[in-house]
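Same chain, two partners: chain A is paired with chain B first, then with chain C.
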Partner chain A sequence: MTKRILIICRKPPYGSSLGREALDIALASSVFDQSLSILFTGEGVWQLHKGQKGQQVDQKGYDKLLSAFPLYEINDLYVDAKSIEQRQLTQDDFVVDTQTLNSDEVKQLMAEHDVLLNF
Partner chain B sequence: MKFSLLILGSPYSDQSVSTALRFAKSLLGKGHELYRVFFYHDGVHCGNQLTTPPQDEQNLPEQWAELAKAHQVDMVVCIASALRRGILNDSEADRHEKGTGNLKSGFDISGLGQLVEASIVSDRVITFGS
Partner chain C sequence: MILHIVNPSPFDSQALADCLKHISEQDSILLIENAVVAADQSSPFLEQLMSHTVYVLKNDVEARGLQDRLHEHFSLVSDDGFVELTIAHASSMSWY
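So, the complex of A and B:
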């Protein structure tokens, strides 16, 4: 049985552990050979930001973890257009390639998936 | 319908744990199946057998354990979340030389694969907390 799983990341990095724990689920999912996508929205888009220095707050950086995603064949990464526009971010600010979706496309993405895990 | 629950909230700090418990009882009462309850993030505190609320308040770990026993529900605390938060079963306690474990009977400690597998097998996965 194959299910399409969408992990929705809404939390900023470092302020809570939920962001990292959401990405840990992505890594765990990769061994199950399921279709996996990740949507970064709201403050969650900061997880993608280049040049993080997590060690300054005694944390592992998200950038290293995200950079490893292609090795796990996790390539379907999406960002909400409005969230990055509001924060004056662009694709160039991110450590990995993502696809930018408008609000209708976000709705469609959610509708296309069987399981939504919301963090 | 086959349900699994993902619990992220901390008992006594976050109402979501109590809501999840009532949701679980309700769905079982309606004849649905509860395949697995997966405790992740601060939700792992639900498995702490040392939890000692005042006698006139609900005992959430006890109530989860009773529900699991009555309906043979698989209840799993995530090992990565649990160890960081000091929730250990006896074998993990031995392995890490901590003297004693504190995982309540009725809960198992296992990996994130159990959440992914539950997501694949269940018709619905409902998240509680955060």
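So, the complex of A and C:
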């Protein structure tokens, strides 16, 4: 039976490689047809932000990588409602379509997955 | 039922705060390495931790000499106990 994987992205982009590594795992898993969801919470929501210029700090943009996700059929992207509200962000600020989940829905999401990878 | 394994000190990292934000009532927490200070009598996180089942890794507590400073709510577990906890829970998640 395929295990359902949830990747949780809590770190902001560019300051460390953790966020990037999480997204690389997502791409690699999708190639192997794994059932995969990604949750962005806390500072991790900045990874989704439009208008990034990663080249200014000699890194590849998270926005470019994330906009490729639909091509890899990674469509189950979620954001924590409170985290985006605290940062005055809305869905319109993001490079890909995401679903906003309230606190109970996030708990439910975690309970539904077999493998939880936290970055 | 998830086992949340927390590794960094709550004074150093958002990991424990994030964990407490997303944890469900029936889940458990295991504090390891620098996170064991969260169970110390001086910790500002005690009240929040009390509403969950919390385990603390014995070796890490003793290494820091904290064994007489932990609230009785917290259960000490050995390395073998750590393994048993991961088996007893449907899944586990590391916070670092």
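Rule of thumb we're sticking to: the second predicted complex is superposed on the first by the 119 of 119 C-alpha atoms of A that agree within 3 Å, B and C clash if a C-alpha of one lies under 4 Å from a C-alpha of the other, contacts with A are read in each partner's own complex, and residues count from 1 in each chain.
Basically, contacts are C-beta pairs under 8 Å (C-beta built on N, C-alpha and C of every residue); 3 or more make two chains touch, one makes a residue touch a chain.
Here the structure is a predicted model, which is why all the values come from computation and not from measurement.
In the superposed model, A:113 lies in contact with chain C only, and not with chain B.
When the two structures are aligned on the shared chain, A:42 is found in touch with chain C, with no touch to chain B. Comparing chain C and chain B on the residues of chain A they touch gives the larger count to B.
In the superposition on chain A, contact is made by A:28 with chain B only, not with chain C. Of the two partner chains placed by superposition, only chain B is touched by A:17; chain C is not. Of the two partner chains, neither chain B nor chain C is touched by A:68.
In the superposition on chain A, contact is made by A:5 with chain B only, not with chain C. Where the contact sets of chain A with chain B and with chain C meet, they give residues 115, 118. Looking at the complex, you find that chain A touches chain B at residues 1-3, 5, 11, 16-18, 21, 24-25, 28-29, 31-32, 34, 115, 117-119.
On chain B, the positions that touch chain A within their shared complex are 6, 8, 40-41, 80-81, 111-113, 115-117, 119-121, 125, 127, 130. Listing the residues of chain A that touch chain C in their complex gives 8, 10, 41-43, 103, 106-107, 110-111, 113-116, 118.
Those residues of chain C whose C-beta lies close enough to touch chain A in the complex are 2, 14, 18, 21-24, 90-96.
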